[in-house]
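Listed next: structures, encoded as structure tokens.
You will see two complexes here that share subunit A, one where it goes with subunit B and one where it goes with subunit C.
Let's look at the complex of A and B:
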């Protein structure tokens, strides 16, 4: 029983970290309608930017997350405007393939400058807490708080700001939004900046939990996809729910299968949800 | 130098088979397969296991292709009713799963250490030089054979029906084409060709490990097919040889750019691959040899 509860707690903590890039991925999908494989590159760029801010400038974790958001957003905008936007007329699949190329380039720029070594953040080692027989690391709690703060900020942005409302309008019905005078190019740019920024912030959160290297983003790509598909592609609350569900599912599965199969759980989750509920747990209505 | 050239020709041929496979599914039926490296790996492991158990080369190749077909049917069965973007995500995941299984099921695949001593037909009889020559010739012949077959298929009613599915599957369905069956057939056949490529690779190298089936290979092949011309088998073959030439040429980067370390050379090469794919998509999206689409017959007046 305790093992089960511990797995659920671990799953929620791990899922909350995946939720951040998953929301970013699904936000880009909601507006631009292509699955961005470059999200992995944005995660890694953010992770390294945050790591540099932390180890070279001595920034604390919350500031490192902000730096990572800015770096991810900048990388995302640069790639979108420089490499991806012009391919939109050729179809979503072409842009998706181009985004794989973008990811390869970003990953290797990082590899060129930083090598393949694992790097850790420079933070005081925090003790584990034991609450009712459940082990929780203090750092993990901090990460959870940061993840919740980031996601809450996204929701506030979408609910209460002009651009946020415009974004939701475009996601809901692009034609109607255009008729109402919303500039689709500007909204697309905001969506990419937001999505890639979230991916970058997620990179730091994942790095705080373990360590980072140029493959940090690619390793979580399947989990990010799984979380977004579980929740329904394009649904932001869905991506959060999907990430938490996936986190718990991964930890529970590890009670029966070897830990090395962790990423396999995401794949199985994608297959199951696509078979039984193709629009996801909180998916958009039929188009 | 000659053996290096022959080696590149053989690897080029194996990449050409992979490109033909991708071109059949993607160029022919519009089914994107980001798990190509997975099918490549399945073929390699299948024949390694079969010939390891004493089967001759021919049986090994057949087993590899059968395994590819089975995996292809399984993936299509799970995803074909879904949109393209889901197929992209699921196939990417599939490629990772193949690698994960190969890494973890040590009893079957020997894990990260890989399988060595795979049957290398002709190596003992012909010596190393003769083996390289024979394989370069054999693989090239096989590429020509598969290319002719696929070109024939491409121009047949089956190929035209596939194209109809690619362009507008609802319209193809209205016109009475069995859309789902066509997709199954195209994807399964494509998986078989990819698995065949993997099997040849395993016997040629006589050593395989999960590291040989990285997703990077899938990106190489996408570059090959896009550069050569999506939807045209000869373009895929040409593209594959171009990519191998490009990859081999960039090995000499270290000599051109002084003072960089091995890992930086590797990073530069991979970044150049990504950059090339982007450039092709932007500057020549139809490739070197664009698909020839015959004009529609004039309506009778």
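Let's look at the complex of A and C:
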């Protein structure tokens, strides 16, 4: 029973970290209608930018997350405007494949400058807390708080700002949005900056939890993708729900299968959801 | 007097296929309601889309309140004062009523905020459903919302594509009353309608569009009573 509860808690903590890039992935999909696998590269770029801000400039975790957001957003805009956007006329599949290439390029740029070594953030060692027999790291709780703050900020942006609402309008009905004077190219740029920025912020959150290297983003890509599919591609609340569900499912699976099969959970989740609920857990929109 | 809208000799279509509009023209004078009728597939919706800038035109010109907007895209034409309520998907289904209205004032957040108060006063039903998702509205309520979204643009010219499509006779009557109401307040309206007799009766003028070209035109009530028109298009 305690093992079960521990797995659920661990799953929620891990899932909350995946939720941040998953929201980014789904935001880009909602507007640009292609799955951006470059999100893995943006995660890694953000992770290194946040790490540099932390270890070289002495920034604390919240500021490092902000720096990572900015770096991810900048990388995203550069890749989108410089390369991916030009391929749009060739269709979503072409752009999706090109985004895999963009990921490899970003990963290797990082490798060129930083090498393959694992790097850790420079943070005070935090004790583990034991609450009712459940172990939780204090750092993990801080990470959860940061993840919740980031996702809450995204929701506030989408619900209460002029351009956030315009983004939702374009996701809902791009032609009608154009009739109302909303420029789709501008909204697409905002969506990419937001999505890639979230990926970058997610990179730091994942790095705070463990360590980083140029493959940090690639390693979580499947989970990010699975979380977004689970929630219904293009649905932001869905991506959050999908990430938490996936996090819990992965931890529960570890109770019965060896750790090497952990990533298999993502594949199984994608298969099941596409077979039985193609619109995602919350059923918001067809993929 | 400058016409509220002039569209002249429009030739337009959907890409490679044959052009749908083969030189159609309409004009709307200030203060007028003008209705376009015609058989299914005549190109009525295509005409409104071409006027609104959703469709590239191969030939012809469009002017709004005396300003040539032929070179402008849909956004430019919205800026020039055109509001277009399409036949389908004319609200943001997953946004609330209040959000649908506020986003429709995107180009002028300040001016449209004042407009919003007037709209809620004019359509109390919308005020009562501010928080409801647009997709939860009935057909009649949705059309009112779509028209109100057009008003949030503070237009000088309103284009409506089949505003009464799929409505009960009673809801259709209410919608026509709302159109008359707006027009009395000074807004010129160009609409496409299947309920041809009812629409022509409330219109100053009407056009009959056949196969992408103008056929007959005349005063609305006269067209509504014309036996040839009734026989050809209205099944009467």
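Please note the rule applied: the second predicted complex is superposed on the first by the 283 of 287 C-alpha atoms of A that agree within 3 Å, B and C clash if a C-alpha of one lies under 4 Å from a C-alpha of the other, contacts with A are read in each partner's own complex, and residues count from 1 in each chain.
Just so we're on the same page, contacts are C-beta pairs under 8 Å (C-beta built on N, C-alpha and C of every residue); 3 or more make two chains touch, one makes a residue touch a chain.
Keep in mind that this is a model prediction, so the values were computed, not measured.
S.K.: For A:126, decide between first (touching subunit B), second (touching subunit C), both and neither.
M.R.: neither
S.K.: Looking at A:266, would you say it contacts subunit B, subunit C, both, or neither? Reply first, second, both or neither.
M.R.: Only subunit B is touched by A:266; subunit C is not.
S.K.: Touch test for A:173: subunit B only (first), subunit C only (second), both, or neither?
M.R.: Second partner only, subunit C.
S.K.: For A:161 in the superposed arrangement: first (subunit B), second (subunit C), both or neither?
M.R.: neither
S.K.: Under the stated touch criterion, which partner chain does A:102 make contact with: subunit B (first), subunit C (second), both, or neither?
M.R.: The first partner, subunit B, only.
S.K.: Which partner does A:210 contact after superposing on A: first (subunit B), second (subunit C), both, neither?
M.R.: neither
S.K.: Name the contact category of A:258: first (subunit B only), second (subunit C only), both, or neither.
M.R.: The answer is first: A:258 touches subunit B but not subunit C.
S.K.: Which chain, subunit B or subunit C, is in touch with more residues of subunit A?
M.R.: After superposition, B is the partner touching more of subunit A.
S.K.: Where on subunit B is subunit A touching in the complex?
M.R.: Within the complex, subunit B touches subunit A at residues 32, 34, 78-79, 81-82, 84-86, 88-90, 92-94, 96-97, 100, 103-104, 216, 219, 222, 226, 261, 263-264, 266-268, 270-271, 273-275, 277-278, 281-282, 285.
S.K.: For the complex, which residues does subunit A have touching subunit C?
M.R.: It comes out as residues 162, 165-166, 168-169, 172-173, 175-183, 284.
S.K.: Note which residues of subunit A are touching subunit B in the complex, please.
M.R.: Its residues touching subunit B are 34-35, 37, 83, 86-87, 90, 92-94, 96-98, 100-105, 107-109, 111-112, 115-116, 221-222, 225-226, 229, 233, 258, 260-261, 263-264, 266-267, 270-271, 274-275, 278.
S.K.: Note which residues of subunit C are touching subunit A in the complex, please.
M.R.: Touching subunit A: residues 52, 54, 73-75, 78-79, 83-84, 86, 89-95, 99, 102-104, 106-107, 109, 149, 153 of subunit C.
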